[in-house]
Structure formats: structure tokens, C-alpha cells
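Chain IDs A, B, C and D follow the sequence of writing; residue 1 opens each chain.
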Amino acid sequence: MVSDTTFDPHGVVPPLVTPLDENGEVDRRSLERLLAFQLDAGVDGVFVGGSSGEIALLDTAQRKALLEVTVGAVAGAVPVLAGAVDTGTRRVAEHARQAAALGADAVVVTAPFYVEPHPAEVVTHFRHVHAAVDVPVVAYDIPSAVRTRLTPDIVTELAESKFVVALKDSSGDLATFREILRSTDLPALTGSELLADTAMTLGAAGLVPGLGNVDPHGYVRLYRAARDGDFAAAKAEQDRLAGLFRIVSVADLRRIGFTAGALGSFKAALAWRGVIDHAATNVPLHPLDDVELGVIASILTEAGLDRAG
Amino acid sequence: MVSDTTFDPHGVVPPLVTPLDENGEVDRRSLERLLAFQLDAGVDGVFVGGSSGEIALLDTAQRKALLEVTVGAVAGAVPVLAGAVDTGTRRVAEHARQAAALGADAVVVTAPFYVEPHPAEVVTHFRHVHAAVDVPVVAYDIPSAVRTRLTPDIVTELAESKFVVALKDSSGDLATFREILRSTDLPALTGSELLADTAMTLGAAGLVPGLGNVDPHGYVRLYRAARDGDFAAAKAEQDRLAGLFRIVSVADLRRIGFTAGALGSFKAALAWRGVIDHAATNVPLHPLDDVELGVIASILTEAGLDRAG
Amino acid sequence: MVSDTTFDPHGVVPPLVTPLDENGEVDRRSLERLLAFQLDAGVDGVFVGGSSGEIALLDTAQRKALLEVTVGAVAGAVPVLAGAVDTGTRRVAEHARQAAALGADAVVVTAPFYVEPHPAEVVTHFRHVHAAVDVPVVAYDIPSAVRTRLTPDIVTELAESKFVVALKDSSGDLATFREILRSTDLPALTGSELLADTAMTLGAAGLVPGLGNVDPHGYVRLYRAARDGDFAAAKAEQDRLAGLFRIVSVADLRRIGFTAGALGSFKAALAWRGVIDHAATNVPLHPLDDVELGVIASILTEAGLDRAG
Amino acid sequence: MVSDTTFDPHGVVPPLVTPLDENGEVDRRSLERLLAFQLDAGVDGVFVGGSSGEIALLDTAQRKALLEVTVGAVAGAVPVLAGAVDTGTRRVAEHARQAAALGADAVVVTAPFYVEPHPAEVVTHFRHVHAAVDVPVVAYDIPSAVRTRLTPDIVTELAESKFVVALKDSSGDLATFREILRSTDLPALTGSELLADTAMTLGAAGLVPGLGNVDPHGYVRLYRAARDGDFAAAKAEQDRLAGLFRIVSVADLRRIGFTAGALGSFKAALAWRGVIDHAATNVPLHPLDDVELGVIASILTEAGLDRAG
């Protein structure tokens, strides 16, 4: 276990997809290959059971398998962050304790949802989750999924009270992210695929891009270039990755949902690259069709990625 | 167990609050008194683990205790409906199986949330949940919590495919509710506290009002009057209940959240009436303050309700 | 001019479409035929320059022509209500004075939009508009267009201060509408096409249904039946009109916008019935296509409406 | 008049407030002082009648006075951009023609609102406005006010068809702004007060910050530093301006609306600095109170701004 005082999330920490087999169970072999692929690319941590990991769709057995395989395969090489995403405090604490027991180094926690909390209640939520588990807590701002924002005021209070050790920002609101960087010294990681270099310039501690599943090497190059002050190189890499990110918009939203299209595209790309065996997502998400898979393949090719075999 | 073909939800089925003790655990005695209070008032069913039951905030142990006590205390007198509310299909199926194993007669299920599903994926969700459990499924339309609507098209498909046996409508959109009543023969219950008589006139099978926790006798009178064609009596009762419903708006939303204020008011009223021992809600919800409790007491008095002992 | 104290809006007051000619100007002949068609059906008033009248898309010359023709053709037979819809108080006052000068009997005014007003500022808005014009003001609650709600608290204050003489409710929120009927004696008209009979039962003073353009006879029958206590007849008429209302959902929203589809369907139906010459809507709305027009025609036929000679 | 081919908006172009006198009319003297203050600071253009200029609240006479004074006082020193903000195409064209007749060099136009347009109808809107006026059109993306986004696809089509000569982005969505910069060569100006330096780094042509009313010298320094490649200096200036920007959040939103608080703070600051005589905003906006004005004064002092006299 990593203690609160020493856990220092930084660098590239992709929010990994959860590979599934033909029966919809966690595909342990594909997951191991995905982890090896990520570690080989030089990532600084892995985040399993996040939004990109379909956490909202995983049952208890899947979450357990996911963490067992991940902790075993990573074997301490980098920190393992685990999503503990649920609607309320006690439900989150339950997930967080399970994740910690399975070896997660930190848990990633959103504001409550389904309910409508007051900002003071959001702080109470993190206070209780922090008290309930022995591993550090990372605050996760993702209003597109949970609606409630982690405002600068909330984040400042969470930072000062030491309820959380870092922020993962998936708000899409860079002005607020910058305000948080200005007003606290909490390490803050951006979930933006398209503003990774910009976020680094503003002082982000690291990157948690869903697209990092597909091209971890690109985000590692981007991160290192930005960290070393070579912003032109970071920007060039970012521009290439922006082209690649078009895969998440390929799905026809008249036919399948936004989540199915975006997460399905990450998995389809990983299958195309030979990293995982199946592109399947959990029920109730519907699969991409052949036309869409063809467009994704052409985008991958255009971005210079290798195909398996 | 009630089979799909015979389960026919109707009448007054209040979505019960989950009483808690000083330690935040399910208060079994208070819950038993609440159930006796409801049965004595003549309700036609009870719905535990709904939004009013703080389902989003209950952990596994609380849900288990809630159902054990309820199933035991109700003892078959009326059907017990249990919420199986979670973000994704497999998570919902897990809750639903647990509820069925503990004796629930039916489970109440929303559209997926956190993710953004396509309408076709919402149907897939209910198809899988239906296949996963041996008890009937009631569809629960609550866009204020889950955002996604159960549109008339979706409900019609769910009804025709027999994936669900009834609809609980908490959309606040009476025109759509009426459209569903027009286009399917699915029993549909309204969650509206304020349009219960109107919904009955339009053909609703029953009522699931959160305020029914506090004044089940009122909603039973209203339901029976409407069922028997005495709309004037139903309207008079509805008008009185509308006055009582002001308790949910007493909380100062600059201080605590909407959910805490509304659910807290139901529990405060039940404590005032002597039905439950404590008005406490789950973390992270904050409590009402003394001023607010005073206003609630005066509204209860004005509505003609008795105070305990 | 009708003074505040005697103006009493009630009955069926359809929000008329604004017929256009081939050049996009107000088609005076078609407008006169539409007004004759409405008066012949027995409407109790006409509302021009509302949302159904494309008020947001009409320029000064069009608004002037619209009112000139309307006031002339109606010739005092029934009151003429005119929309004075704009973003801010002074802009609204300008429209309202122009409408009054052209002979409108009352103006219909929404909350400010584009800006984000406080409820107290919404009241200030109506106070100023009321002071700026010599005709009565009707408050128009249409959150789908302006976002800000006219809450029961706001409406109560507007009613008590006599800033407005009536409410037109297009919120789709029948519980709030009922609360307003309970708490004020302000005449309130519903804009709902689908809950007209229900609204009458709850005490609505009248109906302002967009679909009344197409079938004013139906809404007049519905209104009179409800007014006379024959709710079964009102409901039967409502059910027929619900079938007819499907015309607003015919448009393929992947191709044209919601407004174009809905308002275009009213105009297409009126052209099909021979009441107006052209189904054209203002720029930038795109027209319905032949397939959609065919579906609309079949719905009209099914609802028992006559086609022009 | 500046022709389409030569109009090249760039640099600092503050969206000026509209000073009012005690009677609520345009305060010509204060406006002249504001313009002199801005020109003296070295701005590259002025934008009157934007959101910060209370365009939604200005009537015809105010808009006319605003442009007359501005065009006269600027006297060709820099381009004058004028907002032509209204709900529909013909209404916008009317405003745009009036602005052009009064000497505006370009008009700034949003997507239609109040109505719900399809993206293709948004393009049609700009095509018609472009055809209706002799001055260039700048597209204005401000979803917080009009809801509809100007997506990269729309902007690309507007750029390629030459319907607009520039984009003003007030979306708060920097990833999309960057995508537009990547995919078109349309000059794009950011409305962000807090990401001005970042936007410049990404290739923005200029800045349109509301806070530029209060501290044009700061934004001019920031712009020039960024343009000249001195990003550290730009960032330092940005950080100081971020502190100053806290004035827009001083208002108590339980008492007055967001718009009143934000625009009121700009005017209060300008009055404090002695640039304008009165801090009054148009009806229906309510004024800041003395406590709030005191906090604003302390923020201005802290940011190093001079007080009048």
C-alpha cells in the first residue's frame, strides 16, 4: 500500500478499458496484454475501473477479476488506481474497501449522483470516503456523468483537509482547471485528450486520456516533451493525437449511444492493433458496425499506428 | 414469489423511507412501525429501496436489512416492491437477484445512467434484467435522477415484449404519461404527489407518492374516491395533500441539498408523528435545522395530522 | 382598447401561425382566410405573434402587417392578443407599444432571456412592461424557449401587483400550473395540446393550443364540453386531437430542426385543408419534404379533417 | 466601410459596456471617455452591443445612440464591431443593416435562439444575414446565452462559403476552439478572460474579454507579449487578470441574477476608476449593493488598478 503522504500521481496514467471475452466476462489474457502494452510504452500508472473502463457497467465479479489481474500483472511496477464509482457515500466506501483489499494503490471517487447534493455535502462525502479506506483518494470531476461539479471552492477544501491527494479533471472546462492549479498545490491530472499539452503548460501533474489506451506511446512522448520544456514537440504530438481522436466520433448516434460509440472505438482500435482479442463492450451497449469499424481502421492507419500481425 | 402473469401492481404503493438509527444503520423497530402504519392505513403495496428510500445511498448491508425486515413484517399481506437501482445492466441484475432472494415480489428498475445510452440500448437493458431475475420488473421513469427518458416508444416496446409488467412514472410530464396510457395497456403508476387524482382520471393503475410516507391515509382515501368515481372527494383530498407537500420545500437550499431537504422532511414528519424514532438520513446528506423543523411541524398541524403521544 | 379591469381572457384562443407568400412576406389573403376559419369555428380570441406565429423570426414589417390585417379582419369580434417577445425589458416595451398602437387588445410577454435574470428581476421586468403600455399584459411561461420559469411565487406576485391580467402556461408542468390555479385567482390558460381537458378540470380559464390552428372546431367542442361539465365528451375530443397532434413529430430531426418540423406541420396541414396558400416558414427554417407531407396528410385524414375542395 | 476581403479582426477588441445616465439612456459623455480610455490603452478594435454591452436589453434608440457616439468618437482609428443579436434571421438582418448604416465596420451574429434550429438551418441563417448586409459578419458562439453551438462542422462550412470573416468564441470549450483553429484558417478570437494567453498560444487571432473594459492595458500587454513569443510575460499578466476577474463573482446570486452581477461589476469597476459616471445597468437588472461594491473595490486595489481622482 502506498500511504497518503507518499502517493504522488503524475505522468501518463491511462484510464484502461476492460477487455471482455465472448461471454462478457473479463478477458484476463487480453487484459494482461493491454497492461504489458501500456507498461512497455512507459506509462507512469494505470487507472482501471474508470469511465473508459465501463465502471458503470461492471458487476462485482468483473470488478474483482479486473483488479486481481491488474495488480498481479503490474506487480508494483507503477501505481494502480481503481475507480470506486457509485451514487452514494456508503456504496462508494464499499467499492473502495474492496479495491484496496485487492491491492489498489489509490481509489478514484466522483461526487455523489442520482441524488442532488449541496457543495457542503460533496465535501462530507469525500470526508467519509477518506475515513473509510486505508488508501489515498483521488477526486474525479466528471460533470458529464454525475452533473455535480467539483468547483475550485470544493477542491480547495478537499485539498486543505487532506481528504484527497489529487484531482482527475474530466470537466472539459480548462479555465476552472487552471483556477484550481492557481489556488491549490494539489496534483491535478487532466482527462482531456485534446488539451494534454496545454494542461501541462498550465501546471498539470499528468494525463489520464482515454485515447491513451490506443496510443500510450504518443501520450508518453507528449508528456515527456512537455515536462522537458519542448512545447513544440508536445504540440506536434498533440496535433497527431487530435487526428486519432476522431475515432470516438465515428459512431452513428442515431443507431447507438454516445458511450457505446466512444468506448467501442477504443476497444475496436485495440483489437485492430492486436492488443486485445475482442472489441465487445458490456450490456447494454450496442456494438459498432462494419462501416464504422472501417472508418476507424482508416483513421488508425492515417495516424501511423501499426496493425497487429 | 409472484409470477409475471399474475403480478398486477395497483392502488397506493408508497415509496418508503429507510429509517436509520443513531449509528446510521437500518432502524429495524422504526421500519416495522412504519410498515404497520402503512398497512393499517390500507396501502395496496410497499415500495422499499426507491428514491425516497435513499436507494442511492444504501450499502449492501443496509439493503439486505431493509428487505429482510420488510418481507418479514409485511408477511405477504401486500406485495413488496424493491428498487434495483444502479448505473448499468449487470449491476442492476446483481441488485435484482439479491432482492428477489430476500423475498421481494417485484423489482423496480430505471434506465442506465452515468453512461449515455441510445433508446435501443435502454430496451436491451430491460431485456437483460428481465432475463436475469425470476421476479417481475417494473420500469421506473425518473429523468430528474437518471436523465434518460422512458419515452412512449420505449415503454410500448417494453410492454409488448413483456420485459416489464408495469411503469412507475416520476417524470413530472403528464402529457407523456397520458400518451403511454393511451398507447399501451401496461399498468402505470404515478409518482406525482400533486396530480394523483388527475392521473387516476386518466387511467393510472395506482399511486407511488413519496408523501404517502407521511400521510398514507390521505392517499388511500384519494385513491379509493377516484377509483369509485367520486372525483370531487378525490380533488378535495388532493388539495389538502398539496398543502402538506409544502414540507419538501422548507429546506434552505443555500445550506443543504434538494435531496436532503425533501427526504429529510419526510423523515422529520414521520418522527414528529411518532412513527419512526430518528429523522436521520444517510451520509452525505445534511440534516434539517431547528427552524426548518419548526416550519414542517406547523405545516403538519395545519394539514390536520396527529402528533405522536 | 380593452382596459385592464375588463379584459378577461378565456375560452379557445389559438396561437395563430403567420402565413407567408412566395416572397416570404406576410400573405394577407391567407391570413384573412385563417382568421375567418377561426372565427367561424367559434374561437374566443386570437393570439398572433406567439411562438406558433414564428414571432422569433418576424421582422418589424412582418409584425406590422400581421397586426394590421388581424385587427382589421377580426374587427372587434373577439380580442386580439399579440406577442411582444424579446430578450429584454426595453425591447419588449418597444414591441408592446407598437402592437398596442396597431390595435392589439393585450400583449403576451415572456421572462427575459439571453440574459440570466433573478426571479426578482423577472418581476421588475413585468412591472416595467406593464407601466410602459396602455393594454393589459399576459404573462407567458415557456421555459423550453426562454429557460427561466415563471414560478408560482413569481406569478402570485405578478397577480397581486396587477402587473399582468392572465397567464399563458406552456411549461408542460401541470403540477405547477395547478399550484398556480390553487394559489391565485389569475385567469390561466394552458398551451398544452394534450392536456386541454385536464387543465379545464383543474380550473383553467382557457386553451391556447398550437394545434388549434389546424382544428379549431375540435378545441372549441372540447372547451365547451368541459365548461359545461361533460368531461367524457371533452376527453373523447381530446383523444381524437392527441392522434392529430402526431403531425408535429413527423419531421426527421436529423434533417431539420424541431421548430421547423412542428410549425411546418401546422402550416402544411392548413395548406392541405385549403385555409392558407403556402406552407412556407420563415428563414432559417427548412421545409418538410414530400414523404413527411404525405404522412401528415394521412394523419389529417385519419383524424377526420376535410381536405380543401 | 471595410470590405470582406480586407477586414481582418485581430488583437484586443473589448466587448464594451454601454454606459447609462440617471434616466437609463446612453450616457454619451461616459461612452466617449470609455472609448478614449480604450484607444489610449492600445486596443485594436472595439465591439459594442455585445453581451457585455447589454445588447439583449437595449432598445432601438439606445442602439442607435451607442453606434453614433462610438463611430464618431473612434473616427476610424480602429474597426468598430457591432452586435446584431436577435432570435431570428430577418430580425438579425434588420439590426445588422441599421448597424451598417450607422457606420459599423462589421456585425457580430449568434445562432438563432428561442427557436430550436438544426445545424443546417444555422448555416442558412448566416448565409441570409451575409447576403442581407454590406459589411462583414463575425460568427459569435455563445451557448450559455443561445444554447445552440457553432460546432467545428458549422464553422468550417461558414468559413469555406465566406459567409463569415471571423469567429468570436465564448463557448468556454477550449478543445473545440482548438479544433476549429486546426481545421480552418478563419481568424478566431476568444472571449475567455482566463485563457487569453493559452488561446494565443493555440493560434487565436485576438481577444474579446469582457474584463478588458476594466483593464484594457492588461490585455493589451498580454496580447503583445504572447504575439511576440514571450509566454512567461503573457502568463504573468494572465495570472494578475485572473485575480481581477473575481469581481464578476462578488454578487450574491440569492439576491440578483448572474448577468446583473457580472455586468454590474464591470460598470462598478469603471465608475470606481472614474471612466464612467454611473454603474447603472438596464432594466430589469438589479444593482449591486454597498457590501458588494466594497469587495469589488478591494479586488481592484489588490490588482493594482488606479482609482479616479
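Here is the rule we go by: a contact is a pair of C-beta atoms (placed from the backbone, for glycine too) under 8 Å apart; a residue touches a chain by one contact, two chains touch by 3 or more.
Labels paired with UniProt names: A, B, C, D = 4-hydroxy-tetrahydrodipicolinate synthase.
The shown structure was predicted, so the numbers you read here are calculated from the model rather than taken from an experiment.
Novice: In contact with chain B and with chain C at once: which chains are those? Just list them.
Specialist: none
Novice: Is the contact between copies chain A and chain B built from the same residues on both sides or from different ones, judged by whether over half of the numbers are shared?
Specialist: Looking at both copies, the contact residues mostly coincide.
Novice: Distance between chain C and chain D based on Cα centroids, please, to the nearest Å.
Specialist: Centre-to-centre distance between chain C and chain D: 35 Å.
Novice: So the centre of each chain is just the mean of its C-alpha atoms; given that, what is the distance between chain A and chain C in Å?
Specialist: Computed value for the inter-centroid distance: 49 Å.
Novice: Among the residues of chain A, which are close enough to touch at least two other chains?
Specialist: Residues of chain A never touch two or more of the other chains.
Novice: Per the touch rule above, enumerate the chain pairs that touch, sorted by label.
Specialist: A-B, A-D, B-C, C-D
Novice: Please name which positions on chain B make contact with chain C in the complex.
Specialist: Per the stated touch rule, the residues are 172-175, 178-179, 182, 192, 194-195, 198, 201-202, 239, 242.
Novice: What does chain D use to touch chain C in their complex?
Specialist: The contact residues of chain D facing chain C are 51, 54, 56-60, 62, 85-91, 93-94, 112-118, 120-122, 124-125, 128, 145-146, 253, 255-260, 282-286.
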